[in-house]
Amino acid sequence: MVSVDFNADVGESFGIYSLGRDEELLAYVSSANVACGFHAGDPATMRRTVRAALERGVAVGAHPGLPDLVGFGRRSMDLTPGEAYDLTVYQIGALWAFVKAEGGNLRHVKPHGALYNMAATDFRLAEAIARAVYDVDPRLILFALSGSELARAGERMGLRVAHEVFADRTYQSDGTLTPRRSAGALIEDPVLASRQVLRMIREGKVRSVDGTEVPIRADTVCLHGDSPRAAEFAREIRRELELAGVSVRPPGG
Amino acid sequence: MVSVDFNADVGESFGIYSLGRDEELLAYVSSANVACGFHAGDPATMRRTVRAALERGVAVGAHPGLPDLVGFGRRSMDLTPGEAYDLTVYQIGALWAFVKAEGGNLRHVKPHGALYNMAATDFRLAEAIARAVYDVDPRLILFALSGSELARAGERMGLRVAHEVFADRTYQSDGTLTPRRSAGALIEDPVLASRQVLRMIREGKVRSVDGTEVPIRADTVCLHGDSPRAAEFAREIRRELELAGVSVRPPGG
Amino acid sequence: MVSVDFNADVGESFGIYSLGRDEELLAYVSSANVACGFHAGDPATMRRTVRAALERGVAVGAHPGLPDLVGFGRRSMDLTPGEAYDLTVYQIGALWAFVKAEGGNLRHVKPHGALYNMAATDFRLAEAIARAVYDVDPRLILFALSGSELARAGERMGLRVAHEVFADRTYQSDGTLTPRRSAGALIEDPVLASRQVLRMIREGKVRSVDGTEVPIRADTVCLHGDSPRAAEFAREIRRELELAGVSVRPPGG
Amino acid sequence: MVSVDFNADVGESFGIYSLGRDEELLAYVSSANVACGFHAGDPATMRRTVRAALERGVAVGAHPGLPDLVGFGRRSMDLTPGEAYDLTVYQIGALWAFVKAEGGNLRHVKPHGALYNMAATDFRLAEAIARAVYDVDPRLILFALSGSELARAGERMGLRVAHEVFADRTYQSDGTLTPRRSAGALIEDPVLASRQVLRMIREGKVRSVDGTEVPIRADTVCLHGDSPRAAEFAREIRRELELAGVSVRPPGG
């Protein structure tokens, strides 16, 4: 049976500050990327989030980010590969401990924000991150933008890589995402979003904004949690996929 | 053969800032307490320090502290037990990942500074810390002030506890350390310091500043790294103990 | 004409994290205490908040807190008076610059959370904070718990002090607030809250929870912004006071 | 009489961590750039440093940096102009308060590290920083790399700008510094360094590494404090310049 993973970023609250609709999203995803305290998250939030994910049978992954809380890890920084390695190891470990304490297993790692974007195109950075994941635990699955340098680096390192696609974003003819600020960047209709995902899964293709067919591999679908309709969108896409015979479950699961 | 552990705090540099004489100290201790990024230390320093300790065959432990870099974790904070639990789990995990990446095993946990002091007298805090250690890995050895609430909490939890004594500090008749600012708080002569340690190991006693004999258990001896003579002092005490037939090795080793 | 000040804590968002209902509250208060980046707030939030307050003619004050973002400055810390002095100077300056850049004048200083509470009872800490305010600008008005050590320290220093009372909290017979977790700590009815404030202003008295009359000075009334009904509560109290002939305006204004 | 300013970065310690040879350097410079707590420095260090500079009659300036303590503000970050404006305002204010509390006047602003470098070539960022300085106090002097976008932005804004040159660095034919890692980047002989500075002051020229004459304006000379010989180098250059009839004093002084 054909399957795909649904993942979402959770655990992005910090101290008194609440962010996201984790409880709702966890009902629809199969993998949860938990913030690790650098771009978001704090020890108490991590514990609560890991517990909530495990209770729902959602696979837990680390979501390491840049050390930039005020910028939510979205501002590129001029990191050396060594610095990227070190902050990835640190954050994976911090989250691992909560998963261990809660009786679960850490399953995957997905870099956050600017770290994810930089690693998608900078092979040396990608390699450092892949190596960090491998050195902490070679069984961890690396989530990376489909077709990116990070996916390539992970595969070279011998890691299992989950190629990530986006349900609610359109693609350009070179396989990259249409920038958020461009017209037509977002897909707001869950039925259209589901169709895009289904084609990616079944045919390994996506139709770009200018109409060309682009090859793409879809192991895991990223769902955004920062809109009020996030959970509803997730639920509808999941239902559409299940109606089409695609089961939603974690990669390697 | 009688043995005792020597431990020292290392990895307390941060970014561009260098602190301590780790290289020298690692030559004389059997256990290294590595700062985990809250009161001191950063991911790069953690990696380098773990590597240096493992290369010298020194047992590596986590040294979690309060989230207070500017105060070096030395200022008491009004933490709930839950907060203490969470920040201990987080920091153990962060360090564990570097030890794992470097091919070693994490061996122990010793709280730092104000966290150590608060846990010595506050049983609820002590229990939370002991539980955090246990939940991450019940094989970890908890380093705690000899006879303290933390030692007691660790034992109740089922952890192996290394009771810690100080070579360069005098004791009061209730078994607590003479406060640093009091006259006679420090023992600066390594021969006298060695004798105090030897009695603790062999007879389970220490003579307090007012002359009474106080029962004490000495599994591990803390050596301070923040004085220029730290390494020399460590070397001399180690030599004295070895001459007296006491071997220096990690607890549980 | 009799007047009183209404103050509220604002500018407590941080980066992507939004907190409080500043826009609504600014419509009803005469003084705004703006977080300065230690317990909450960041440079962008400070600029926006200062601008919003000045646009509404609300007097702007600095709201310095402990360096504890994850604990929102609510956890007591063992600060020396020197440390309290330094962090108060720093935060007043940071906020002053935004007020200056926006063309306004900084009017007051009110310590936040645990710093406020510690300074209410610890005279040395209170003195250090009062001195910090004085040294930066002796024209600044110090907001302090009515009758507290901080109020006393400010007056000794020669500062104008605004004695602060709470509309929505009950008092004990020694003049302190009934702890939040006790029954009867909160006054949820704005009419009752207004009557308590009116008596404080006109008679200099408050009736404690056990029925005794306690002398109290009320220069400024603290309104909390962290409940959904905060703005409504503020509006109702303000209306009640104005109906009773009390005008709401900043101290010294 | 011809004069030039000597400036150095000071106040870069943090908490328990000591960095630099401030005491020695302050004896030879006329302007001190004091770190403001983002890339280095903390409230206590700022107070001590401001006091030490004022006691020696050294002009005090703010040295705002990126919010990156672990990277010492040396890693470029993808800041918006608005973010650069806000963090500059914040840091100037924080330092201003210490200068005010110590009875002095804040004289200048010099961005640090990556912020300085980015502002040298990115006009929008430069403009935001210049505007921040102007908005806080239009009398402040902006220190900027000689001939840079930041110098240009400051002048357009109506600020006094001190064009900064380096005594111990060589220049390329386009007027930029030879990158540190290139051969011949550093001038280690204080006599040669003094000659380079003298020509810059008297003739407005510097000979580049490939022998061409490059026009340059030298209002202030940056002296580095991070080498063991820093103070000696500063003293020797100062003596050479004074022997040549150039007095060392702050710009606008």
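The chains carry the letters A, B, C and D, assigned in the order they are written, with residues numbered from 1 in each.
Here, a residue touches a chain if its C-beta (ideal position, glycine included) is under 8 Å from a C-beta of that chain, and two chains touch if they have at least 3 such contacts.
Not measured: the values here are computed from a predicted model.
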item	value
Chains contacting each of chain A and chain D, listed by label	B, C
Identified repeat of the B-D interface (over half of residue pairs identical), from A-B, A-C or A-D	A-C
Gap in Å, rounded to a whole number, between the CA centres of chain D and chain C	39
Rounded Å distance, chain A centre to chain C centre (Cα mean)	43
Touching two or more other chains - residues of chain C	42, 70-71, 83
Arrangement of touching chains [line / ring / star / complete / other]	complete
Touching residues on chain B, where the partner in the complex is chain A	37, 42-44, 46-47, 82-83, 86-87, 89-98, 100-101, 132, 135-137
Of all residues in chain C, those that touch chain A in their complex	14-19, 40, 42, 69-72
Chain B to chain C touching residues, read off their complex	67-68, 70-71, 75-79, 83, 114
